[in-house]
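Two complexes, one shared chain (chain A), two partners (chain B, chain C).
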Partner chain A sequence: MIVTFPHMGDMSIALKELFTGLGRQVVLPPPISKRTLELGIKYSPETACLPFKINLGNFIEALEQGANTIITCGGVGPCRLGYYAEIQQGILKNLGFNFDMIVVEPDIVDIIKQLHRVAFKRNFWEVYLAFRLALAKIYAMDSIQRKVNMIRPREVSVGKSDFIWRQTVDVIDAAENLSTLRAAWHKGESELDEVKLKSGTRLLRIGVVGEIYVMLESSINQNLDWRLGNMGVEVYKTMYLSDYINGHLFRKREYLKKFKYLADLAQPYLGHYVGGHGIKSIAHAVNMGQEKYDGIIHVFPFTCMPEIVAKNILPKVSNDVDIPVLSLAFDEQSGEAGIVTRLEAFIDLLRYRRVKHHLA
Partner chain B sequence: MTIRIGLPRGLLYYQYGSIWEKFLQELGAEVVVTGDTSKATLNCGSGLDEVCLPAKVYFGHINDLYKQVDYLFTPRVISVAAGQYTCPKIIGMPDMLRSNIDNLPPLIDVNLNLRQNSRSLYQAIITVGHMLGKNAISSLYAWYHAWQYRRMDQAIRYSKPNGQRIGLIGHPYIIYDRQISMNIIDKLNHFGIDVITPEMISNRQAAIAAKTLGKKIFWSNGDHMAGAALALIQSEQPVDGLIFITSFTCGPDALIGELVSQRAQALNIPCMLLTVDEHTAEAGFVTRLEAFTDMLIRRKQS
Partner chain C sequence: MHVYLGIDVGSVSTNIAALDEFGKVIDTLYIRTQGRPIEAVQNGLRQIKERNHEIKVQGVGTTGSGRHLTGVIVGADSIKNEITAHAVAAMHIMPDVQTVLEIGGQDSKMIIIRNGVVTDFAMNTVCAAGTGSFLDQQAARLNIGIEDFGDKALESETPVRIAGRCAVFAESDMIHKQQTGHVTSDILNGLCQALVRNYLNNIGKGKQIQSPILFQGGVAANKGIKRAFEDALGCPVVVSPYHNVMGAIGSALLAKEEVAQTKRTVFRGFDVIDFVYTPRSFECSGCANMCEVVEIQMNGNVAARWGDQCGKWSNSVTVA
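== the complex of A and B ==
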């Protein structure tokens, strides 16, 4: 069993750690490239959403490199993600690939059953250790990334924080146990603390809401946080992998409480869960409006059903809580120049608004 | 004075409209149903962005309606079967209406969620009755009466023993809306072809055929459509071809269409995917239908 899985941001680092820890050989799909996208588009249904196409591209490239078992997630709807696996399996079989697909459904009995298949001669303690290290890697990376997003627009020598970030990720990726991981984490954080910052002006604050895949996968969102940071904007992403895991997998109390609070905020605008992150996009927009952010960028893959519902409601929210919203749909055609132009225009608008507020 | 309730002819109206209409009448309301979809409906419907054509059509019907009525009947149909959903756009529709039309009359947007249990149906019936000033017993009685008017399963008709038969797979709100589907059924009949839609396949038949799927589909319409398509191509007398008609950006159909065409291909049955949107020109549409039917006829002759 040579295991592979789809990419999503830096998730592969944690999953590689997990499956290696469970005693399996892992083949990472090559980083998402033009070829990945082309393969995905060629064999996917035309109006499937972008994550479907890229996952498929990842699978094809990984199978070409010798993987024979795909591990991916299931779901219960109404978002299309839950039915990806069934369709992708059919497409790959038609292409003549020979492989197993392990679909992890969000159901504890199923998770344990699949774990049994994957974990190779490992006892409970070893499985626990593998999970603990993989999770710790996610927490470490998310915590450092949050910090980088804070520092990037303020640093004196441009690119310093990103340099530290890439370096730290490499060390985290290589860490084989918790103590080396913690050392790398602390070193990264303290290096970031020493980055020289510009003093003075209050920066623009923009919140990013929307769909998790596009938000996390920088090759798809055209390096959104990096771009905004370099335009001198403080970026708050509303979703990191660790939030998702704590909220949806472990259902930690503080996160459930936060969901409840957010659902209440969204209630006047969207009265029911519509799948994916639709309701959270609305709720975060209301919340950020109340917290006086300067603007919101709403990102989603083209044809994403839950976010299209959110997109049609956001203008009303924007109007009510007085916060500008820019909706960006990403697909295989999204060009760099188009995105940059729209971001620049949006930021100019926010700057102008701030000056106007200041004078008034 | 009787209360006027508007019922837009769109989306789930094509499945449950006759029951809803009867139910509201039984509760003593005057029901105003919009007419057939027209070009003007489509133009108004573009108020919603990026959604599928049937959702735009629904929005267009609401635009026609909302100034003439006291209430709009737009229930939030979340789920009509255990473990299944309708679709995100249908679930979010009442909210999309409220956010995009000012001065909307009150919406009757009771939640209907049979995903976990069927109690929600009775709660919804009683809530609607309450809004119209009826007590629980008479509301339930009204529903019982209305339920008699549901559409029965139609038996499949074989008009000509050797004629071509095509399975036309799509949502009822696409196939039976003549504007959206460009009257496809009549066009095919005109070519001398028998058309079988998913509504002509019983729920039981579709459910049995859908069991061959690796995972149960969690959209109720999609599940029935896929099941019906499989029943048609796997039966002892399979159809001569399948046409899968969908609207651009319909989420579930993007996957279901692929699934159906994979299965049809494996059984060597021709399958055509037709995508409609508000720009679809009739000439192009007819050309594709003609090409497909010509191909089927030649195939049968050879």
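== the complex of A and C ==
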């Protein structure tokens, strides 16, 4: 069994750790490139959303490199993701690839069951250790990324925090146990603490809401965090991988409490589940408006159903809580220039608005 | 005379506006970009210089899709996106404007302004049906000069319904209507209405369109489109007297704002008309990002690089 899985942001580092720890050989799909996209588009239905196409490209490239077992996620709708594994499996079989696909449902019991299937000559304790280290890597990376998003717009020498970020990710990737991981994490954080910052001015604060894949995968969202950071904006992403795991898999009490709170905020606008992160996009927009953020950027893959529902509700939210919202749909046609122009114009809008509020 | 220059390098046209210190428009120029932005800018500046011997440039701003490139070429004080530039110009021409409709060569936008501040905007995303390029093409196909398009459409009293959702289908629908014997003016009028419908559905969805409304961009010259907007919105639409160079006017105003802060322009002077600029691009192989880096050489020296994420190339240029 040679295992592979789709990319999503830096998730591959954790999954590689997990499956290696379970005693399996892992073939990572090559980094998402133009070729990945081209392969994905060529063999996907035209109206499938971008995550489908990229995942398919990842699978093809990994199978070409010798993987024979694909591990991917299922889903319970109404988001179309729940069907993706089946359709991708069909497409890949038609292309003549020979492989097994293990579909993990977003449910902790199913995950443990499936992990047990993958584990090779490992006892329960060893499975637990692998799982723990993989999780710790996710927490470490998310924590550092949050910090980078705060420092990037303030750093005196541009690119410093990104340099530290990339170096730290490499060390985290290589860490073989919890203590080397912790050392890498602390080293990364303390290096970031030492980055020289510009003093003074209160920066614009923008919250990013929307669909998780587009939010986390920088090759798809045109490096949104990085672009905004370099335009002098503090970026708060409302979703990181660790949030998803804690909330949806472990169902930790603090997260469930937060979900309840968010659902209540969204209630006047959207009272029922529409799949994906639709409700959360609305709720976070309300929340961030109340917390006096300067603006919201709403990101989603073109044709994403839950987020299209959210998109059509957001103008009302924007009006009610007085916060500007920019919706951006991403697909394989999304040109860099178009995104940059909109981001720049949006930031100008927020700056003028702030000056006006200040004068008022 | 002290002036501020604004240069708007778009997909179809390159526009230059010269404003005096009080923001009064002194001269404007509208030429075709023809896919050669550097030459277009040099050419435009040459014409401005020849027509206005006495000017002393106090600041330069660039906008449009070619703003970064142009900014390097001329030495710009302000490099701003076209949405902000159009909004600034609209408020300059019509201080109480609440809605700006803008249709250019390949893009169309709507800007919502309240109390002198932009509160919302939209720009066409996936479709260019209804922009200037499409009108150009259809006018050519019907053998009508683009200048006469609007007047011809105004002759019509009974528009034909044209499917305007998509430029390709609109064209086949127009051909069909021609072949069933409708007169050209009715078809043109129908096309105007279809384009306006499409614009309002795509760009204007969820926007509060309130008057006063200013209509600008190259397409604002088309009286047929203006009338179709008025019919659809049920209120008067004002066409800006400088409708086709509003981006340039806006960027001149932004340059003026910028120079008020910096006190000194970075304009390279009219000498740039004769400089030799050579752009090239390459893919950096430093990491998995594979950034496409653009490099501009000015008279044989590297003047700017951009497109890299890490700053390895863009930070390495020392010549300003």
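Note that the second predicted complex is superposed on the first by the 354 of 360 C-alpha atoms of A that agree within 3 Å, B and C clash if a C-alpha of one lies under 4 Å from a C-alpha of the other, contacts with A are read in each partner's own complex, and residues count from 1 in each chain.
Criterion: a contact is a pair of C-beta atoms (placed from the backbone, for glycine too) under 8 Å apart; a residue touches a chain by one contact, two chains touch by 3 or more.
In this text the structure is predicted, and so the values were computed from the model without any measurement.
Bringing the complexes onto one copy of chain A puts chain B beside chain C with no clash. Touching more residues of chain A than its counterpart among chain B and chain C is B. In the superposed model, A:A329 lies in contact with both chain B and chain C. Of the two partner chains placed around the shared chain by superposition, chain C is the only one that A:G159 touches, whereas chain B remains out of contact. In the superposition on chain A, A:V299 makes contact with neither chain B nor chain C. Once the two complexes are laid over each other on the shared chain, residue contacts for A:N312 go to chain B and to chain C alike. Figure note: vertex chain A, arms to chain B and chain C, all at CA centres after fitting on chain A; angle 80 degrees, rounded to a multiple of 10. Of the two partner chains, neither chain B nor chain C is touched by A:L28.
In the superposed model, A:A337 lies in contact with chain C only, and not with chain B. By the touch criterion defined above, A:V148 reaches neither chain B nor chain C.
Between chain B and chain C, the minimal CA-CA distance in the chain A superposition rounds to 5 Å.
302, 312, 315, 329 are the residues of chain A that lie in the contact sets of both chain B and chain C, per the superposition on chain A. Only residues 65, 80-84, 115-121, 123, 125-126, 206, 287-288, 290, 309-311, 315 of chain C touch chain A when the two sit together in their complex. Residues 31, 33, 158-159, 162-163, 166, 223, 226, 302, 312, 315, 324, 329, 333, 337-338, 340-342, 344-346, 348-349, 352-353, 356 of chain A are the ones touching chain C in the complex.
Against chain B, the residues of chain A that register as touching in their complex are 44-49, 74, 76-80, 82-87, 89-91, 94, 103, 269-276, 278, 302-306, 308-309, 311-313, 315-317, 329. By the touch rule above, chain B contacts chain A in their complex via residues 48-51, 76, 78, 83-89, 91-92, 94-96, 98-100, 109, 111, 213-215, 217-219, 248-252, 254-255, 257-259, 262, 265, 275.
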